[in-house]
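Shared between the two complexes below is chain A, which pairs with chain B and chain C, respectively.
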Partner chain A sequence: MSSQHPLPNTQQPSDVYGGDEVSALVLDAGYCHTRAGFAGEDVPKSVLPSFYGSLKTGDGDAATYRDIFGDECLIPRADFEVKNYMSRAESIVEDWDAATKMWEHVLIKRLQPEKPTPPSKNGLNDPVPDGEGDVAMDDVEDQEKPLAESPLLMTEAPWNTGKAREKVIEIAMESWGCPAFWLSRTPVLAAFAAGKASALVIDVGGANTSVTAIHDGMVLKRSIQKSPVGGLWLSGQIRSMWDNNDPKIDIVPSYMVENKTPVDAGAPAQAKLRKFPYEISQSFRTYEEERLVTEFKESVVEVWRGPGRYSNPGNEDIVRSQPGRVFEMPNGSNQMWREQRFRVSEGMWDETAALPAAESITKAQTIPELIKAAVNAVDVDLRPNLLGNIVITGGTSLLNGFGDRLNNELMAMYPGMKIKIHAPGLTTERRFSAWLGGSILASLGTFHQMWISRKEYEENGAGIVEKRCK
Partner chain B sequence: MGSQQGKWREDQVLIICPGSQTTMAQLGCSELTPPTHRIPTRMFKDEETNEYTPYHTYKRKKPNATVDGKADDQWEFVEDRDSIEGAVYPLQGGRIANMAAFLAFLDHVHSLLTTTYHNTPIMLMASPQWTRPDCEAIARYVFEKTKTPALCLLNSAVAAQYGLKWPTLTVVDIGFEKVDVTCIHEYLIVGHKDLGYPNPDREISGGEVFTQKLLSLLKDKKFTYDMAEQLKKSSLCEVLPYAPDLPELMELPTDDITPAVGQIINPASSSAEGVKVVEPPKPATAFGGETENGIAEGKENDEGVLDVANIVTSGNTREFLAKKEKEKAEKAKAKKQSKAQEAESAAKPARLPNSKRKVNVFHYEEVVHEDVQVPISNGAPKPEAIAATNGNASISEGATNNQGAKPEGAPEAGGDATESAVNVTNTERRTKRVRRDIEIGLERFLFADRGEINRITDTIYRTIQAIDETYKRTGCWDNIVFVGNGARLRGLKDNIIQTLNARHLISPSTATIFTSELPSNMATPSGTGSQTPTGSFTGQIPTTSSVNPLLQAATTASLGVPGATQAPGSTAGDAFGSGHHSHGQTPMSIKQAPMPTYLAEWTKNGFEEAMFLGSLVAARLAYCIHNLDAGTQEAQRTMSLNRVDYNEHGPKLIHIHSMMGDS
Partner chain C sequence: MSQSGATVSQECITAFNDLKLAKKYKYIVFKLSDDNREIVVEEASADKDWEAFREKLVNATTKSRSGAVGKGPRYAVYDFEYSLASGEGSRNKITFIAWSPDEANVMAKMVYASSKEALKRSLNGIATELQANDNDDVEYDTVLKVVSKGLAG
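Up next, the complex of A and B:
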């Protein structure tokens, strides 16, 4: 074939095509979503909810559980619980077994070609169980590891524990056989995705909001601020608002509705509900309710843009005079939302405006205070540069009016300083900015000298990650 | 070669659209016709060489072995083109489950259609489930093992879009064991979800689920898989319209007309020897036609048209024409017979449509093989000759029938094989068709598993609602298309749309419609300047309160009446899409995109195979358009990967130089 189209002499054909292009994988695990894909691409190929399903078969002590992953499998089922492998409070891995399985699903099952089942595992050659249940494991070593050809870059929260970091490299190296590995912190990558080496990263995510100062690609540890004021907290506020509404709004997630009939605003719903011949677990229901709340956030909730707080006199009247928005529930009931849609998000900025909910917050946990604390923890000389390079990321930052309000708050806090906010317009960039930064980083030719190689790992053990990934 | 990109002739391009069951393929894209070849996607592993062969081969004792006496000569290898014994299916649920077999299959398809490599660029449709390393492996194989000059991988959803030409679409691809939902907004893929992926166990979704359900319902009647599959494809099986108020969510017929039906049940015919084909199982494509009593008219029209391309590719024109004539005569005879039978059955109380009958009769045809000893007429057996004629017959049959995904061991080649091979060999496999009439009750409606339909509707809902930019969702809701032969199931598409409408449609509530529209415009400046809310609701203004708008929507808009719906992409509808970027809640309307009407052959074939049409169009664009300006030429260059670029950059370039819909 090459004789047909000879290559020019200047170009040597080589077996290693495109030397700087390895098929590195990037994995970014958050509390709400787990994203995975190939370095060099601009969106993660597979985005899965970090929530997964656990199916129970059998009863009592004989019960066995099977985990299933992916949004499409989270449908009403019998004996079905929805779980999450991350910790809500910290956004770091809580259940390592489930985490490994989930990651294998996104990285290997969804992104790697199907491997023919080796004869030892296809069930045809299993020895008859003799009661001991100890199948020979001799040939496990011989099998090719699933990621033997793909370096892996993973993200972590800036407050991740040393133990968790070692565990992660162990999984990557031992179980998956990665040739190279790197661990990077989400705010660093978010700044990177925005094209900045130094920035103040405000990450308003699902479970947490964090503010971190990045200088020359390094996290300034003392600046890290974290609070639960994120998407789920806002969901709590919305639920509280619905509870105290008049009439009280029952949350009927869409899986319960077979069909609905349109009704006038404020009228009781006329819907036919689906009947299930089994019990629907509370965890599944909660997960489904969250979908509904998310839709409400997308289409109704708005942030009071300022200037000043929403609770300042007169503001509420302005909003009330403007037309509101109608939201229709899955069961067809609908209602107009006017001033409430601003009030519900005000707690993020002003703790006194927060609605009474299970999670009450303190002043220090509001976004302006987080920023203040983070900036104050940084050397005075660095502050102007940080305030001139503010990066907003995280899905909850997509709330309507969020950027305007943040700008107003910052102007009020730091009068006379030059404040510049970088907020990507593309929704995907905002939601996946940490992944995107990882994708850019891992596809850089120069990054290849940085990876922790397999050899290094074998020589130094899991502790290497603490030394290298600072 | 790089500078000559796009210098191929239209008749040189090889188009392959692999499916888990059937692969559509054709050489040449000059005519936008339905595929000339439909090839079962399966391979057989040769135990001795460990290679994959396209047909099942088995050893058979030579009948004259005793005469020779030599041990070696006692056995011969025979290819059985219909057998599925030991078949390997390289594609499962869209994924490449066995790469070696898949590559061997590609090779088989290639050699079946053409013998040249060096001037035959390939357009290969790819499922969204194919992984990056999969694509690289295919590129590597194609360029390193064959002399193919260029390869283009085309995402199946994009292919469907090229076939249907709308810029914004939600493509619902209902396959054999998988369902893919892909949202495309302004030619960009903005969302995708799939069903039927191993997780780690596979929960299949798609056409096969319905067959299995039907089979389980008819277990008591001793139905086999083949019978269930044939019944499902017949006009008897219908997914009834979604009836929101009934407990079964469909309106099952209640009238009892069994006594009349009893007359035509003819158990004797099951044992009748070699009953000639009365009427071949009605092609699924005739669904659009008249459906009364399961007999579709317009069959003759089919016959009048000879597929010239098909005849040419199959090589032996004369033989083909002769066969065609014979077929015609036979069918005319059959027609008469079936007419008579119909008259008999018309004695029933009324000619009720299938959906109103409690029971209906299913004519099951079975192909029975048997090895028969035929007196030796003229010398040595010529198994090769059989193979050759057999092969042609099978291919052309499949093509003329225009039939969708065939069940295993599709009976296509059967009858012809008998005819063409009669006086060639001494031992032969005789094939005959046996017909049985079976009475089917409500099972033929109840097989429409609500759980499966709910899975599909939920996936559509979630995929569209998960599009990041809310304003893009509207267009995707308004232009839903169903492709894949699983979607040929009668009434399934309408039922899905009706279900979506009844469950998810946001009603434009009279009291709130204006207020809900206005403020959203205040928030973001709208590019169109159309601030008047009236323009937004062209199709859906609830006229009077007496008419339930939802019901109206479910009964009119959802039935996909072409013309009544707004053409997607027309600027009139865009006031909705681009004007109200911040208005959130969707769907305000749910519609099927209208199908193009200018391709008569495709209208007849059904747009379930629009992916193939799109592949033809894409092949032209990628390989055959000349004299472009510099920018377009560069864009064209990245549509496919040619050999020069491959040699320079390697298989990874396939991700950039392809039409996989991602970067």
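Up next, the complex of A and C:
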């Protein structure tokens, strides 16, 4: 959820254990962030926004576009659009060309260990006009394949399509020359990392919230439920709240502010705005606004813990009597947020409490209803075990009070049943649980026999992924 | 095969058959070998004391990557016996327990959870399975309720 800065360290993992010396890479791609790192490590070395930039050169029919990747590239520029390679609704790849380039950026440019290949040939030193951007991979056939020594484990949404699964193994094998490949489903990895082969996984991510039942390490397909009630939807609620605030709160992202003078709470901002000699695209502005809203989300927003809905009589009075939180905008305007910080998140649980926004939601899309639908879709005998083994993952689940509210909702929905929620306390474990699970799996010596090898791929084609990665 | 690629040693199957057919044991505790490659028997016992068995799980340890010793997951099979509340006599259920304490390190939890299927599938004749993650989950009464589906007296 936060805009994390990439770690500069591109060394191979020093933490090799159990004699399992595999230089495997692990890639976990989401709509908001793309996470990549070395198997065996606790956190992904490289966490980048899944948003990238497209720079236009020339005009009209002569215009050419160049994609650039990495958060350091997403700065004010002329003729610059910010795009995303994933589909917002599905959290699966939409633009394969951009996805490939983004993954090459994180896996090769950011992580690739030193190779015996001479620097003149490894593609990293090819001249790039402004000294940044993605690795030029156009002449890839002429050189050693970039990941010829790195098995790659990728994660996927449980609703990923067969076609998309074949496409990723093709890219890994054909374009990057990976010696071995594996695909794992994110909720299975999250459940395993919590020590559970069977669990109900509630993944509250950036673009989606999903609920998936896992039984003996397998996704129960019928159980899968998802809705847009995630981090970006919550951003929409915050925007709606700011729009309707009195006075209306303008979203002025940091890049627009040249300097500011401190002002009293509620007073108009006194800031000098930067002037740009070119037009800033709406897509860039939206991206920057989202970063600001995310900061607010992380530092101010809270979930009403229950029991019962926030709108129940008396609850708001309790909140009003408690200390609020001050949030200062990049332009210096600031104010105290009290009951509003609970109101914005209430729609996740109660659709009637959702603020009017471009993205309206239905009752069926709220978190309690998603859970109910997922549980109802599995065999009656499995339900008690699932409710006793609930795993929470995803960055948006880190909202203060989320776990307590979830527990209260579940107790109200399933009276008399044993409800137990497993929510890792470590922020990194919650944000990266699927990546972490993949990291451990890919680092195991025994996993050697699981990988789809290059030979297997060459003999069977891309269809092998459907047979092997069940 | 398990999703981790870990295998099951023959001694696990032998011990299980001794429990199931020869009634030689009351319970067996299994663990992953130190290199995480193979599931082996840690202990097989004829001791009928549930508390002694429970202590074994609760006190099980594992080494983290850095070498620190902490709580550790285990698998266990227990030949559970209970009498029916209806007075229709007693029942035996061979129960598989996947023990993974929440405090265990994430590496151990991951390895045990992703290897469980390999063991379970090798053991023919398991009547019930339960997943236990904290000390309460392995209290006798809790297990009895799950194993007997509430029919125990």
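By our rule, the second predicted complex is superposed on the first by the 421 of 470 C-alpha atoms of A that agree within 3 Å, B and C clash if a C-alpha of one lies under 4 Å from a C-alpha of the other, contacts with A are read in each partner's own complex, and residues count from 1 in each chain.
As a working rule, a residue touches a chain if its C-beta (ideal position, glycine included) is under 8 Å from a C-beta of that chain, and two chains touch if they have at least 3 such contacts.
Just so you know, these numbers come straight off a predicted model, no measurement behind them.
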item	value
Touching partner for A:Lys260 - first (chain B), second (chain C), both, neither	first
Contacts of A:Ala194 with chain B and chain C, given as first, second, both or neither	second
Per-residue touch tally on chain A - higher for chain B or for chain C	B
Touching partner for A:Gly437 - first (chain B), second (chain C), both, neither	second
First, second, both or neither for A:His422, with chain B first and chain C second	second
Which superposed partner A:Thr362 touches (first chain B, second chain C, both, neither)	neither
Chain B versus chain C as contact partner of A:Asn312, first or second or both or neither	neither
Touching partner for A:Gln449 - first (chain B), second (chain C), both, neither	second
Residues of chain A that lie at the interface with chain B and also at the interface with chain C	17-18, 42
Residues on chain B engaged by chain A in the complex (per definition of touch)	1, 95-99, 118, 131-134, 137, 143-144, 147, 193-195, 197-201, 203, 244-245, 249, 454-455, 458-459, 461-462, 465-466, 468-470, 499, 502-504, 506-507, 509-512, 515-516, 518-520, 522-523, 548-550, 582-585, 643-644, 647-653, 662-663
Residues of chain A that touch chain C when the two form their complex	15, 17-19, 42, 184, 188, 191-198, 216-217, 385, 388-389, 420, 422, 429, 436-437, 440-441, 444-450
Sites on chain A touched by chain B in the complex	1-2, 4-5, 7, 11, 13, 17-18, 21, 23, 38, 41-43, 45, 66, 68-73, 75, 105, 109-114, 116, 254-255, 257-265, 272, 295, 298-300, 302, 322-328, 330, 332, 334, 336, 400-401, 427-428, 431
Residues of chain C defined as touching chain A within the complex	1, 3-7, 35-37, 65, 73, 98, 100-102, 104, 106-114, 116-117, 120, 130-131, 133
